[in-house]
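Each chain carries a letter (A, B, C and D) given by its place in the written order, and its residues are counted from 1.
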Amino acid sequence: MKHFFLAAAVTGAVISLTAAPGHAGPADDTIRIASPWKIGALIPSASTALSRTGVVETLTMPTTDGEIVGLLAESWIPNDTLTEWRFKIRSGVSFHDGSPLTAETVAANLTKFQEQSSLRTAPVTNIAFEGDEVVVKLDRPYSILPAVLADWNTGIVSAANLTDETGDSVAGTGPFSVTDASDPTMLKLSANDDYWGKKATISKVEYLFVPDAQARQAMAQAGEVEFAFSLPVTATKMLASADSVQVQIQAIPRVRALKLNGGLAPLDEVAVRQAISYAIDRKGIASSIVGNPDTAASQLFPASLPAWHDTSLEPFSHDPAKAAELLASAGFTKGDDGILIRDGDRFEIEMRTYDSRPELPVIGVAIQSMLKEVGIEVTMKQGDWTVISDGHTDGTLEAGIVSDSFVYVPDPIGALSENFYKSGGFWGSMNWNNDEFDALVETYQRTVDPEKLAQLRTDMVAMIHEEHPMVTVTWYDDVHAVSNNVSNFTFDVYERDFGLNRLTWAE
Amino acid sequence: MTLAALLARKALLILTITLLVASCSFWAVHLLPENIAMQIAAARFSGTEPNQQLAEVVSQSYGLDRPILVQYADWLAGTLKLDFGVSLVTGRDVVQDIAHHGQNSLRTVFWGFIAGVALAVPTGYVCARFAGSHLDTVLTVFSAAISTIPSFLVAIVMVQLFVVELGLATLSGTSGWARLWVLVLTIALSISGLLSRVVRTAVIDVRLQPFMLHALIRGVPERELFWRHGLKNALRPVLNYLPVVFMFLIYDVIVIETVFNYHGLGWALINAVKALDVPLMQGLVLALVLFYLCCTTLSDLLTWRIYRHKAS
Amino acid sequence: MSHVSEARRPWKLGIVLTLLFVMTATFGPLLYAVDPNAQNLLSVLSPPGAQYPLGTDQLGRDVLARLLHGARYSAGIAIAVVVFSIALGCILAGIAQWSGGMISTSLVMFSDAVYALPGLLVTLLLADVLGGGAMVIVFLLWIVAWPEYFRLSYSVGQQIVKSDHVLASRLAGASGGRIFRLQVLPVILPYLLSLGAISVGRIVLAIATLGFLGVGIAPPQAEWGMMINDLRVYWQISPIQLAAPVIAIVWVVLALLILSQSMPTTKPGLN
Amino acid sequence: MNSLEARNLKLSAGQLSLDVPHLRFKQGKSCCVVGRSGSGKSLLAAALSGLPVPGMAMTGDVCLNGSPADGPLWKDHVFVLPQEPALALNPTMPVGKQLAEVFRWRSDHACSCRSPGAISAEIGLDQDDLKKIPGQLSGGMQQRIMIAMALVARASFVIADEPTKGLDDGNKKRIIDLFGRFRTSGRGLIVITHDLEVASALADDIIVLGDGHIAEQGLASQVLTNPRSEATRELICNAPQNWPTAPATPQKPHCPVVRLEDVTFGYRRTTPILSEATIEIDGGEIVGLLGPSGSGKSTFGDLCLALQKPQSGIVQWFGSNLNSALIRKRRTKFQKLFQNPVTSFPPNLVLRDVFDKLTPQSADANIKDELMSRLGLTDDLLLRRPDQVSGGELQRLAIIRVLLAQPSFLVCDEPSSRLDMSVQRLAIDVIAEYSSQYSSAVLLISHNETVLRKRANRVFEISHEGRLSLKSYD
């Protein structure tokens, strides 16, 4: 019996002591990233980490001023009607597993992940390969296909990765390759010496999934990580004293918005959505929660996208009286508890939000209180971002505070067509169907004349501005901390690549 | 009670509880308003917008279209085989995730427990030995305070102090001692508060027992008295208290791991909860419950071993 | 049967602290009639001052008002859970005692099984799936809390029922109800209340933990754990706002701990 | 030759106090300190040994060989045998190991015994018993282990506080025999007891304590045969062997109140603690029940009271078989007087409430007052809780409570055997009187054969095997 306990104790001690290696440091040439975005399944379309850390690459990419240039595609040409595009695949590129990049692999990738990537918004009928060319056929003219193929979720992986559904490893073509993905919360990368482009000078990367904003901030402050993304705005004050790290605030073409289920009464009425918009004090939120009054949205697109920002539009305003008026004319009356009632139904909605962008739940509570003032009762549910996407998919979502970039597809039409076209997308409208708008989108996608395009943009933006399929709340300042140990870091406004291969250690 | 009877009893208890937890999570999920097939579809084909058609495919491949009682029986059978299915988020086997996170948790829990006991027992003994003195008062107030402060607060303070301000510990990496010691210390602090009070009471009680005086009458030297006669008797209430300590350990695992961003079972559970990843959630809860039960069984066996005379 | 704790000294302190808490929870929100959810985005995280005695939180809400309403919420849930648990525990113990045999054995086994479950885990699992809300939290905590009271009243009750003085009363022809009222209840009650006092403290902690983890308690409910979680990001900017709920939690748990130690405690010998 | 002296001792603890001008104990002699409970016997023992008693105040000197002791005597010169051996032994250590401690640290070089095994054989325990922990031994065995320790220990005096408390006759005899060895080993023996049987069997000298002072002291033979003080006389006359024999009950028409036929009972099926017992108890008759402890005497009483169901056999009340209706109807007429009066009252209630609410209300309201005054109790006692009333008073109240039900059958389960003889006698006398007055049947359970012989009309004995047999004293 004695031996039994002894054995148990020893086993326990041994298991606990089989400690793996100690803690890695900047000294061992490792960049560490604290990120709020989980790694998820090792599929390009499911894991932002893979493209952002430079494991997989897309066919095209945007330059800083928004021009689409080739990445894995050397060049491309459409036919005259813009219904068939031929992408010439870069030669001499090989995957991390040693297999060469071929048009065949690319075509297989695009076909396999078509429904799971931005490609689903394109009217694709067939993807094939001919020699070193990938041929994409569409059923209507589509001018922005190269931009769509720049979205991070269209990354290309090796043929071997396409066979099994979820593997423990992934082979892309990028400057970094995955060395260890056994830990579902951590991705270990090392520089790809055979990279076809600019090789990384830093040899190792650790991508850490840190869901808690406070922990990310603490890690940055303690100098444990070189990068901490998506920090609370107050991080600037909190980290002011830390001398090894700098907090950067950068305006990016992104929006925080209140997503509404337009298929659900009474949210299906334009007047009601307008009332909600009037009820929201965007200035207050922008100045107190986001920390920058200028981010209060006056329309959907920020001024940093001048082509899409229409200065002639009447800015959103905070006018609870107007909101009440609109709601009253929609047939609502206030009940005893101050909540609106129509035909015996209380105006109550469930609002979901997530905290990988730490200010969203706070904004949610602020909006909850603002809506309460005009008589709408909101219950909050907080989870991770899948509560939005799952809720959108299965139709149970009523409202959600979301944040989305306009430039994942480097042309904002990509975001528009993904988020508002035909009943909407995860990060945009939901069950809002407007044939006129859909027609405008389709027209835009086949138009090449700049003047016509400008007119179409104005029309589309005005329509969204008027109908509020999604209530825009604020534009976006990204807050992230960067260690003073690294130099050459620029934040990618397209949020598709951290640019780790360009980094060097500071002198 | 014989050893066999004790083990049989424990086995029955573990079985009952496993079924209880499995049933709870099954029915909770199937009473959910959300469509589980849709959810699985969304997770499996991450990033897409699964439609009804896709959901039906999932429904069939997962057998979600069968009568609910058949599914229930299957679920229980799967649980008993420790087969919890596949995580909705990562698509990995739940068992694989549990093994991975469990290893991390085991490390902290084991050392946290050892450190907690190492902290609590001497403290409690010293308090009892010098009961009523200033030292006793100070230590008692300190341990009472520790046991009243929620462990998430202790954890927050430890992070601020040791990680941010002093830079003596880190929040990343899973196994380096630079990371572990502060976690272990936090767990140890949080369980030692109440444990040291129990030790103190037990030692005081035993020292007041008449048989201690009579041992002195038999000539037992005073310096050997407690170890010879007190220890085994004082140990009993402490051993009886261990299940409560284990319960706190489990709670600490959840809360402290979350604050420390330590990728153990508790951290995984909170994230699974946030993502509504039901298979992972149920697997993790069951793993934690079973771990707890194993601990209590071990402590019961230990008690049995020490006091088996008493029972016969 | 009973193990009376030796630490009876500070019981007055316990009573005073507990009374203060109860008074605060009951009358505080009436006396300090500020809406805990009223936000003022123009003065977020403002330090304590004349208008906001304890300052404001990240949405400009009055921390004092939230603290008081949080007291009411936590205390309400905790007391409800304890009262329900005492009721259920006693009733089931009575049934087990009365019927004996198989029913008794299976009830004892069932309560042992539920007792062996780490309660917070089950609450976490189910609160997430069932959605939050005070009623759900009360229900879930109730489901996991009653076995403690069952075990206590069963073991103490069994010892009383087997005692000579109850036998004497039975021989004297006293009815079961009368024996229960005069001889069983007055003996069990202090034990139940003592355990209840500890439980209330523990449940307040559990609620705070749930709030901290963001499970089961939905904003804008003023709840201490959630307040701590919301404010901990700003601890350098607004330490007082963060300290307030921390002190509140410690206060309540400590008060009830002291209080319960001044009552008889017992270790039910049901193993 | 050593001597132990008490000079000008004044002791007090709570209500108790004791004033001892001078006492001298010599080695090689045995001395018994007797007295009613509350006379301060235990205080004297504590003072002599120097063992701490909470709340005790002491002035005066305890001298060894004429000079004041320079430390507590229990460490080297006096060995103390405790009142409750169960509490004095470590519950988790085998008794053999505890016995060995005396050999290791306090053995007497003059002692002939060299090992625990040898000494345990002398006191009638075998090797297996030594491996057991105290909880597995009976009270008598535990006491014998303690005596073995005393026999081995280095000490000039042995002080035993009520060494026979709660033991049955057989064990008592054994203990008394073993105590003889202290004298032969040349130690001085001081025994505190309330049992004159023990005193007369052991003592060379006797010290009688009255309320707080020494009432009488002298040679045992003198004091016991020729008492000079009131306290001694009272003690002697209350000892069971000196009780007046009860008048034989006149034979009445045969009408058994309780009848058992071939009753078998056991908590485990295989080992019955009562087998095929047959007995009839008539109204007005006192039946004694004798048996070693643990032999099922109380269970037998419970069977008669229908508190237990027999495995087989018939139990009849007033000639009809038991059924639940009959039990309900007759419940209050079948009563029991418990061994310990303290446990037979709810600890939380004021006594008046017990009498008002939990006692059958007798038709004649005066009965209670009559009994109260006859037993020398005043009404103000009823305003107190059980723990505020002395054991003797509580026992009398318990008797009143039982008698108020006017039972036809009464089981007296070793009434007040843990109190002193005067209370015991009073209890049994009142019940006997009631029995003859109202011709009710009484089952008197005791392990003291003398008591039964004096008071019972018939005495039955239960053997270890559960056989019931009539004992004859012709």
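Following the convention adopted for this analysis, a residue touches a chain if its C-beta (ideal position, glycine included) is under 8 Å from a C-beta of that chain, and two chains touch if they have at least 3 such contacts.
In this text the structure is predicted, and so the values were computed from the model without any measurement.
> Name the two chains that are joined by the greatest number of C-beta pairs in contact.
If you count contacting C-beta pairs, the leading pair is A-B.
> Farthest chain from subunit B, comparing Cα centres?
So the farthest one, by centre of C-alpha atoms, is D.
> Take the average of all CA coordinates in subunit B, do the same for subunit D, and state the distance between these two points in whole angstrom.
Each chain reduced to its C-alpha mean, subunit B and subunit D end up 52 Å apart.
> What whole-number Å value describes the gap between the mean CA coordinates of subunit A and subunit D?
Comparing mean C-alpha positions, subunit D is 87 Å from subunit A.
> Averaged over CA atoms, how far is the centre of subunit A from the centre of subunit B? Could you give it in whole Å?
Result: the chain centres lie 37 Å from each other.
> What is the distance, in whole Å, between the centres of subunit B and subunit C, each centre taken as the mean of its C-alpha atoms?
Measuring from centre to centre gives 21 Å for this pair.
> Which subunit B residues sit where two or more other chains touch them?
Answer for subunit B, listing residues that touch two or more other chains: 160, 258, 273-274, 276.
> Can you pull out the residues of subunit A that are in contact with at least two other chains?
In subunit A, the residues touching two or more other chains are 214, 382.
> Could you say which residues in subunit D touch two or more other chains, in rising order?
Correct list: empty.
> Among line, ring, star, complete and other, which one matches the pattern of chain touches?
Contact map by chain: other.
> Strictly by the criterion at the top, what is the full list of touching chain pairs?
Contact pairs between chains: A-B, A-C, B-C, B-D, C-D.
> Where on subunit A is subunit B touching in the complex?
1-2, 5, 8, 12-13, 15-16, 19-24, 32, 34, 38-41, 43, 45-46, 115-117, 120, 153, 165-166, 182-186, 206, 208, 210-212, 214-215, 218-219, 221-225, 354, 382-384, 386-387, 389-390, 392-394, 396, 425-426
> Which positions of subunit D touch subunit B when the two form their complex?
Checking each residue of subunit D against subunit B gives 51-52, 74-75, 79-80, 82, 84, 87-94, 98, 101-102, 104-106, 132-133, 135-136, 149, 153-154.
> Report the residues of subunit B in contact with subunit A in the complex, numbered from low to high.
So the residues of subunit B touching subunit A come out as 33-35, 38-39, 41-43, 45-50, 89-92, 97, 100, 103, 106-107, 110-111, 159-160, 163-164, 167, 170-180, 258-261, 263, 271, 273-276, 298, 301-302, 305.
> Mind listing the subunit C positions that touch subunit D in their complex?
163-174, 178-179, 182-183, 186-187
> Please name which positions on subunit A make contact with subunit C in the complex.
Residue positions touching the partner: 213-214, 217, 232, 234, 237-238, 281, 284-285, 287-289, 355, 358, 361-362, 364-366, 368-369, 372, 379-382.
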